[in-house]
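Labels run A, B, C and D following the written order; every chain starts at residue 1.
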Amino acid sequence: MTGMRIISLFSGMALTGILSIPALAADCDSLTGEWTNAINGSPTLIITEVEDISGHLRGQFTSPSGTAGEAFALTGWVVESEPDRADDVVPALTFSVRFTPYGSVSAWSGTCRILDGVPTIETIWHLTRSHGDYDWDHQLTGTDVFVPVVSD
Amino acid sequence: MTGMRIISLFSGMALTGILSIPALAADCDSLTGEWTNAINGSPTLIITEVEDISGHLRGQFTSPSGTAGEAFALTGWVVESEPDRADDVVPALTFSVRFTPYGSVSAWSGTCRILDGVPTIETIWHLTRSHGDYDWDHQLTGTDVFVPVVSD
Amino acid sequence: MTGMRIISLFSGMALTGILSIPALAADCDSLTGEWTNAINGSPTLIITEVEDISGHLRGQFTSPSGTAGEAFALTGWVVESEPDRADDVVPALTFSVRFTPYGSVSAWSGTCRILDGVPTIETIWHLTRSHGDYDWDHQLTGTDVFVPVVSD
Amino acid sequence: MTGMRIISLFSGMALTGILSIPALAADCDSLTGEWTNAINGSPTLIITEVEDISGHLRGQFTSPSGTAGEAFALTGWVVESEPDRADDVVPALTFSVRFTPYGSVSAWSGTCRILDGVPTIETIWHLTRSHGDYDWDHQLTGTDVFVPVVSD
């Protein structure tokens, strides 16, 4: 599906004589780009760099719910296995941010796979707050699903 | 703050004529240093750098169980809150590594607090494998507790 | 409350002469019924009973992936809060099963809310195996989303 | 270690002519009994019944931190594997409660193993609240470690 869409895009470019190369949407093989929540378009995950050898990720994360909408630097890793290693092989990734004004850090962990033709990053996160009412209520957990942002 | 304390310490040392520089043990206010499992001395977490303004962590992680004992680069964050923000205020941190030859990434999330007089990093981790038997068995979870390594 | 509603429904049916009894779809206010995975129709969660006062859940769980498709008894709890207690109030629930032939137990935890008009149980699970290669690889984690099965 | 202690106890009973049978402390092979937090003696987990065939657990849970100290009914499961199934075989268990007046449910998942001679239940829990400030802050996570209460 994704491949089909890209092919159509290039066909269109040829027909209309466009020379500039459009930004290709992020996908599971090339995480660089903009991702957003599958349901309501937030939060937004921007992966600006994936180091070739180390798999080190860099980028930015924004979430309008519970913050003022500012961007936070993210750091993390992606890893892949040989396709014949197991029955189900997909990129695995983790990334984390510091929500400085909110006194918390958050780490997302998950995989990227094609679901219904759409590259989809499915994650579980741990958000750890430096402030709590008790010694046992510092960590929240939840899920986020990200799909590529398709620019017009 | 940490820098100030180190300066004072060195001043004191100069005054008393001590020449050898002792290894300062890591603690919750100054995470830099070597940490290890509270029970059996592994895995080992070495935090080599904490950036002052960003709270960005860098270091190395080694775990003899399930690996060949090699060191893996880690990246992450630490954050603190004002002491009067809540009833229980402690540093919150997260860090992650890529276990490259094992096709997995892992993220630890938790807090640092003094327990029985010992600085203790209590974490929950998510280890995500790029290879699975099914689409639902890629993520393991567990806990790690780290205390400072006291050198002789 | 649920009992009252069923009585009213049957009264209405008697008045209009309808003879066949339609299956009532499960929803967030009345969890009893059949739920299944939002994406591919498995696994299946059947809640057969919700005790009024205690909120104790009973039912069955089946998952064709990684099992032979047999049903496993489930036990758990649901709880609600007063609607004015906080900005976001939804039923919270947890349920667990023993996958006897596979040597594991699993617990799901989450909430039920209407998403795009559909009652949706969003959960994170912990699957704990009694057998591992190491002392640290006994627990898997993941997510399941359930929506009501609509019978024809 | 546990076996040694029981033998000494029975020897002492014979010597002093005690006829009543003392409550044996809980252990990993026989979970029935009272367990408490390894560090500060709370919360307390009382397992009153383990059904032989199904592995169904029943009991009570109390936690003085964040509650009024009342007991809550618990339900769950324990499972074991054949000792030769894998390198590390230990009982796996899960149990859950409804904290009715607090509008939340909680599920613990983990294993029981002998650590330093003491039967130890190590768990990770998910506490899910029916009330939140946002749709993403309903779930807390953390850990609890339980050891048998030794009665005097």
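Just so it is clear, contacts are C-beta pairs under 8 Å (C-beta built on N, C-alpha and C of every residue); 3 or more make two chains touch, one makes a residue touch a chain.
If you want to know which protein each chain is, UniProt gives these names: A, B, C, D = Avidin.
Everything quoted here is computed from the prediction, not taken from an experiment.
K.L.:
Between chain A and chain D, how many steps is the shortest route if every step has to go to a touching chain?
P.N.:
1
K.L.:
Same or different for chain B and chain C, when you check if over half of the residue numbers at their contact belong to both copies?
P.N.:
same
K.L.:
Taking each chain's centre as the mean of its CA atoms, which one is farthest from the centre of chain C?
P.N.:
In terms of C-alpha centroids, the chain at the greatest distance from chain C is B.
K.L.:
So how far apart, in whole Å, are chain C and chain D when each is placed at the average of its C-alpha atoms?
P.N.:
Computed value for the inter-centroid distance: 25 Å.
K.L.:
Find the geometric centre of each of chain B and chain C from their Cα atoms only, then give the gap between the two centres in Å, rounded to an integer.
P.N.:
39
K.L.:
Where the CA atoms of chain A average out and where those of chain C average out, how many Å apart are those spots?
P.N.:
30
K.L.:
Give the residues of chain C that touch two or more other chains, as numbers and ranges in rising order.
P.N.:
Correct list: 124, 126, 133-135, 138-139, 141-142.
K.L.:
What residues of chain A sit close enough to touch chain D in their complex?
P.N.:
65-66, 126, 133-142
K.L.:
Quick check on the complex: what are the chain A residues that touch chain C?
P.N.:
Contacts found on chain A: 39, 115, 122, 124, 141-143.
K.L.:
Can you name the residues of chain C that touch chain D in the complex?
P.N.:
54-56, 73, 75-81, 85-100, 103-111, 113, 124, 126-135, 138-139
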